[in-house]
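In what comes next, chain A is part of two complexes: it sits with chain B in the first one and with chain C in the second one.
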Partner chain A sequence: MSIYAVQFLIGLSDASVLFLTASGLSIIFGVSRIVNFSHGSFYMLGAYIGYSLIGDSDNPLIFWGGLFLAAVVTGLVGVLVEIVLLRRLYHVPELFQLIATFGVILVIQDLTFMIWGAEDLLGPRAPGLTGSIELLGALVPSYDIALIVLSPLVLVGIWLLFYKTRWGALVRAATEDREMVAALGVNQNLLFTGVFFLGCFLAGLGGAAQLPKGGANLLMDFGIIAEVFVVVVVGGMGSIWGAYIAAIIISELNAFGILFLPESSLVMMFLAMAVILIARPWGLFGKSESMEHKPPSEREDLTISGRKLPWNWGWLLLIAVLLVIPWFQIDFVMTLVIEMVLLSFFAATLHFIMGPGGMVSFGHALFFGGGSYAVALFVNYLQLPMSVLLIAGPAVTMVFALLVGWFCVRLSGVYFAMLTLAFAQLAWSVVFQWDSVTGGDDGIIGVWPTGPAEDKIVFYYLVITLTSLSLYVIRRVISSPFGFALRACRDSSLRSRAIGIDVRKIQWIAFTISGFMAGLAGSLYVYSKGSIFPTEMAIPRSFDALIMLLLGGVQSPVGPIIGGSVYTFLIDYITRFDYWRLLLGIMIMLLIVLFPRGISGIFSSGIIQRIKLLGQSE
Partner chain B sequence: MLTVNKLNTFYGRAHILRDVSLDISKGEAVALLGRNGAGKSTTMKSIMGLLKPASGLVEFEGKTISGLKSYHISRLGIGYVPEERRVFAGLSVLENFAVGKQKPRQGGMEQTPENLFKLFPNLESMKDRPASQMSGGEQQMLTIARTLMGNPKLLLLDEPSEGLAPLIVEEMARTILQLKSTGITLILSEQNLRFANLIADKAYIIEKGEIRYKGTMDDLNNNAEVRDAYLTL
Partner chain C sequence: MRFKPLLTLFLIVSFAGPLFAADTIKIGDINSYKNLPAHTIPYRNGATLAIEKINASGGVLGKQLELISRDDQGKPAEAIKIAEDLFSREEVSLISGTLFSHIGIALGSYAAKNKKLYIAAEPLADALVWAKGNRYTFRLRPSTYMQAAMLAEEAAKKKDVKTWATIAPNYAYGKDAVSAFKNALKKLRPDVEFVGEQWPALFKINAGAETQALLQMKPQGIYNVTFGSDLAKFVREGTLRNLFKDRLVVGLLTGEPEYIDPLKDEAPEGWLVTGYPWYDIKDSTHQEFVASYRKKFNETPKIGSIVGYNTMMTIEALLKKAQSTDTEKMVEAMKGLDVNTPTGPVHYRAIDHQSTMGAYVGWTTVKNGTGIMVDWKYLDGKNYLPTDAEVRKLRPN
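== the complex of A and B ==
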């Protein structure tokens, strides 16, 4: 019995850390509508800063003061990010905000690495709380008890701040109607900066508070982000109470999952989330999050023009160039082109659900990496030939997409995106944790093409052919009646329903098609590399595809191709540098700040307005 | 007090306001009349900085305000009461007031909830109630009161009578007249003459984003041709 009690209490103390971090994310989203993807990075920063501030002092004042100060410093870093970056992005499409915060992750990762080094750091022990307390006949570390007490205190603190101060009233008002708050004379910039401070402060506090339990390491940022997203989605975006309850549910499931299912404790968490979201699509305490009311202009960048493009000579030219390349027999060029083509293909599958479908997925690597892993596992355990696996691989991801899609299409907007991310993280963690089957971190090697495609040139042509064929199919689907229905669902699910379109079904099918295609890209990819590692399924891979779309522009069907090629080329070059993440992060941010409407947005309405006016005055 | 000079505003690529000019003196009550979709709200939002005009100039008390941020414009003394109410539904009456509260401007008065409860007696009894649990008329009163917490010198009222029962409309008119008597300058957007007649001295008529008529209310009432061309009854 006592082991359960201990496990329960440890779950509660984990919940504290999770709640602190998640509440910060929830607050930031509630007011600014920005999904701060870099929230995990602030959590990590809090831990590192706390580590440095506290050192190995055994003075309780320094310990607790250090925790608090670490949170404050983290909050200030957040303020810097808000002022330099996010403030310029409140009016740009969600996708860009998201990718910008992804840039923040990269920068913080490398900076942390530069300052504190790669080694995991052992956290300080809390003075006076190093022992254990006997509770319910079991020994529980006293620090865990302290953490359990901390979160309700913070919860009450946040509540008082929000419901008993004018600042709190302003924040709640801004959550409802930002424009109106501005029109009443409130400086939104200050308000948002304050909110961002509070959110990052809480993340930093979470990171610092877990120091005695978990120390600090460079994996903390991505390590917590999926859980935090799950908590926020389950609790309801913007709801602090929801975050608290959800943090407890999730942490308890984890704590008990470890007892029963040590290999894949995370599965429980995601299952719970799935069940809760089916019953309550907006989370336990959330309100419906609809994109319907947004005026079209705000969504412009995620739309694809309805007119049919004429058959484009550019495509033919591109294919011609690609076909000629092997004649030169330069191996590394062929390798690079294959990678560019396959990643563009991957980006195009994401574009299909994002552009015409309006479904922003943060977890598309699930299908890309899933295809790769399916093939690699079949090769490893059954030695099946490539001809079979190029069908079996995508078939497996299609089944994944059917399953995942069934849940995801019940949601929309941010919830949809977060759920896809959560599923991708789930798949990643299974691959990562299940060493005995997947090889864990060491991946699977020795996956080479079989049959005629053993010849690199044949493989090259196979890649080009299958990719062009798939892209052609995708384009046909987009301009088919199904494609129109899909766009109708994106533009207004209410109206589509009214004219008898089964919105969920349409979106589900689109999601499945996309999953199948991404799986094909992944299947080819693993053959081109000869090996596969969990990183192909991880969050950064999902973001690669998003960044490619950003670079190429979501509006245009060639966008994924251009973006995919440019990005692959860039990464190939940039990863030669030591601090390439820093570099890439800064480049991403600059790109978004300088071209907030995407490269394709240079010809946006702002310029057209001015030209129109000029025409009239003359 | 307020001069609007050749304002042009777009929604995306749609050219909505075309060379809109207005001239409002201190203490006046001016009606901005026009049918559905004529551009009344767009004009107000452009003055308020909620929409960025592509060209044109807005001056308030001799200071150029076009291009300033909304909060800045509001702090200079322009109060904006939007159409469709837009109360903060999750906030109580007093909290809604708190959001609208601004420091008094130099030499100006400071508005207090107590004062506002004299003007809007209904609100007092529900001061701790969330705005979501109030009737449409009460919410409309609340948006006006909330804006008054910022001690505005000029008040932009966007269709305050919209969707209210006739009795409530009368009460609304009385309240606005009371406000007018305190010396506050008013711009009132309306679709029909009846309500405007109760309050305004002067009128502009806007149609398809262009000002088509400018004159006193009396002149307008005598000009059946203009009325029939631009207004619904």
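== the complex of A and C ==
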């Protein structure tokens, strides 16, 4: 019996660090509605700063003081980010904020690397708590006990701050109704900056508090982010108590998973998240979204109408250029163009549900990677030819999309996004850990085109043809009555329902179409690379698509094409520099602040309008 | 219209590369410089040092060598794209590098398909030269199989250790490393028993719980494959919970400076490990290497440094033997190539393209606040490779 008790204690102490970090994220989201993907970076910063402040000191005062100070400094860095970047973004769609915080991740990564170097740092031990005590017949590190005590203290502290101070009352009021609080003359900026400070303070505290159990390294930020999101979503976004309970559930699941299912540790967590979200869409302690105040968002409608299909000469020129490229006979240019085209295609499938559909998916890589894996597995186990698999691959992802979509369309906004993320991560962890079938992270290699497409130029034309056709189909769907119904669902699900549109069904169909198309892009992609690895299904791949849309402009029909091409080209180019992450991060932030409508937005506001006017006057 | 500036830029950049072709021999170097800098930067430093030395002595074939380093972002697909770029735009003669096994395997498959030479420096996966081996891929570093066999041989000598538990990161490398060790040890000691396995997710170890689970199995010996931040956490929790007391612990790669240095005075003592005791190697060529490395980079060498250095020595020897940068000629020259390196002579086996570079096996201890290896010996890789008949079975035709 005692083994279970000891394992339970381990779970509790792990829960502590997780709770500290997750509560910060939950608070930030609850008040500002910002989905802060860079929260893991603040956790990492806390660890590094704590490491530098504490040093080798044996003085408990310096250790605990160092923890606190590290959290304060991290909070101040957070304030800087809030003032310089996020403050400008409270009124733009959530996606932009999300991508901006993605830029923050990249910048903090490289800055940390510059300041502290590459080597893993081993954290200092807590003076006076370096040993272990005997408990229930087993040795339990005394610092574990300290952590178990620390988190309820912090929990109570946060509760007192929110419920017993004037500042807390204002923050809660802002959570309920931001505009009303502003109307009453409260300085919102100050309030939000304060909340962001608190959130980052907690992340920093979490990072510093885990030092004696580990240390600081450059992989910490991505290491914790998925887990923290699981906790926040499971607990209910914005709920501190929820975060505490969820942190304990997830940590205990991990601790006992290690005893009983040592090989499927990753799968468990995401499975739990998906199950809880299906049963309780707003998490354990979250409030249903209908009760919440919807954030103002800028909705620009698509400019396509049924009659005016954009078959103008710009498109024809693009296709003509693409068709001419193989004549130059430069392998790499063809490879790069294929990649640009396929990733643009992938971005366009996401655009289909996001732009006209208003459904922001954080897990679209599930269908892209899913298509690739379906093809690779069929090739590996059944040696099927390419002609069959270009239908079979997308068909498999269509089935996935039917299943996943059925659950997801019940939700909207951030919760929709989180459930798609949960499913994508679930699929990723299965692919990653089921290595007897999928090859794990060694992936599947040797998936080359068969038949006439073995010739690179034929394959190139095949990619261009299939992609153009698919994009044309997507375009037709958007401008069909179905597309209009989809847009109606996006703009007002209540009114759509009132005029007899089955909102869920429409969204479900759109999601499935998108899944099928993304699967086709993925199927072609695996043939272009000859191999597939779990990274194509992981969070960064989903993010790539989001960044492409942002670059190109979310509500523009050409957005995904421009964004996909520019982004692929940009990444290819700047990865030659040593500090390319820093560069990319800064570029993303600048772009969001200066051109929130993306590249196509720049054009459509100025140049294109003028061209159109000229055309009309002739 | 709106695409024109973009395309112009694109075409200029695309075609500008070949115009500046100079009379150097270019070597394409691909590694995960951003994902695992602690392991890959020393590799690049070692390679740079070797290139400088080679060029200072007049280069090869009357030309200077030029190393073009690129970051693969830790993604195999990216690595393949970069390889294509290096061959078609930079006009490199061959590619080398990589640390991650899956990236190594991906590049191996690329090399085979496109008939280009790839010298895998660091990836450890056995499949690289066996199950997925091909004409165009060669590997320098001793593989998982070889290092596990070396450790098993030493561990087998401890007659009183009969029950074993293993802990390894839950991905291909960890699985390979565990099964190689199990097989090798079972062959030498049919009486040993493996009582349990733990599989923490890579870089997400829950060290307390894993330690407790291992304690529960009450093994006499523990085989550890965790590394990096996982290792630090595992060592700390294991020490606190007395996991290592009175047990034989065997650590794959644990003695490599990359992994043991960050542990400082908390480095585990009395573990049997493979590693790189650069501080203790008396050979004069090696001491010269260490001195010039420390002088140039102001840091101590890591295993990556010597692997990077040896890789470039290999390329120098290869070019001298082939007298050409033609891929087919280079491939033929690689078969049975002999190279003299600071760690001793290395031979590239014609049968499976694996080099015989060995590994240092010894016991860990803490001295002056750092973990070091003592009672170590250099085991030549040629004694830890399967027989030709076995290799023929392992390799596709």
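Simple rule for what comes next: the second predicted complex is superposed on the first by the 545 of 618 C-alpha atoms of A that agree within 3 Å, B and C clash if a C-alpha of one lies under 4 Å from a C-alpha of the other, contacts with A are read in each partner's own complex, and residues count from 1 in each chain.
Heads up, the rule we're going with is that a contact is a pair of C-beta atoms (placed from the backbone, for glycine too) under 8 Å apart; a residue touches a chain by one contact, two chains touch by 3 or more.
Since we're looking at a predicted model, the values are computed, not measured.
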Winner by number of chain A residues touched, once chain B and chain C are compared: C
Contacts of A:177 with chain B and chain C, given as first, second, both or neither: first
Touching partner for A:330 - first (chain B), second (chain C), both, neither: second
First (chain B), second (chain C), both or neither touched by A:576: second
First, second, both or neither for A:166, with chain B first and chain C second: first
Partner chain(s) touched by A:435 [first = chain B, second = chain C, both, neither]: second
First (chain B), second (chain C), both or neither touched by A:187: first
Touched partner set for A:39, first chain B, second chain C, both or neither: neither
Intersection of chain A interface sets (partners chain B, chain C): 608
Complex contacts: residues of chain B adjacent to chain A: 8, 10-13, 15, 48, 50, 54-55, 69-71, 74-75, 80, 82, 86, 88-91, 95-96, 98-102, 146-147, 150
Chain C-facing residues of chain A, complex: 3, 6-7, 10-11, 13-14, 113, 118-122, 131-132, 138-141, 144, 213-215, 217-220, 223, 254-255, 258-259, 262-263, 265-266, 314, 317-318, 321, 330-333, 335-336, 339, 432-433, 435, 439-443, 445-446, 448, 529-533, 535-536, 558, 562, 565-566, 569, 572-573, 575-576, 578, 580-581, 600, 603, 607-608, 611
Residue ranges of chain C in contact with chain A within the complex: 1-3, 6-7, 10, 13-15, 33-35, 37-38, 41, 70-71, 73-78, 80-81, 84-85, 87-89, 101-102, 105-106, 109-110, 113, 125, 127, 132, 170-172, 175, 197-201, 203-204, 206-210, 212-213, 215-216, 228-229, 232-233, 236-237, 240-242, 261-264, 266
Footprint of chain B on chain A - complex, ascending: 166, 169-170, 172-173, 176-177, 179-188, 295-297, 300, 605, 608-610, 612-613
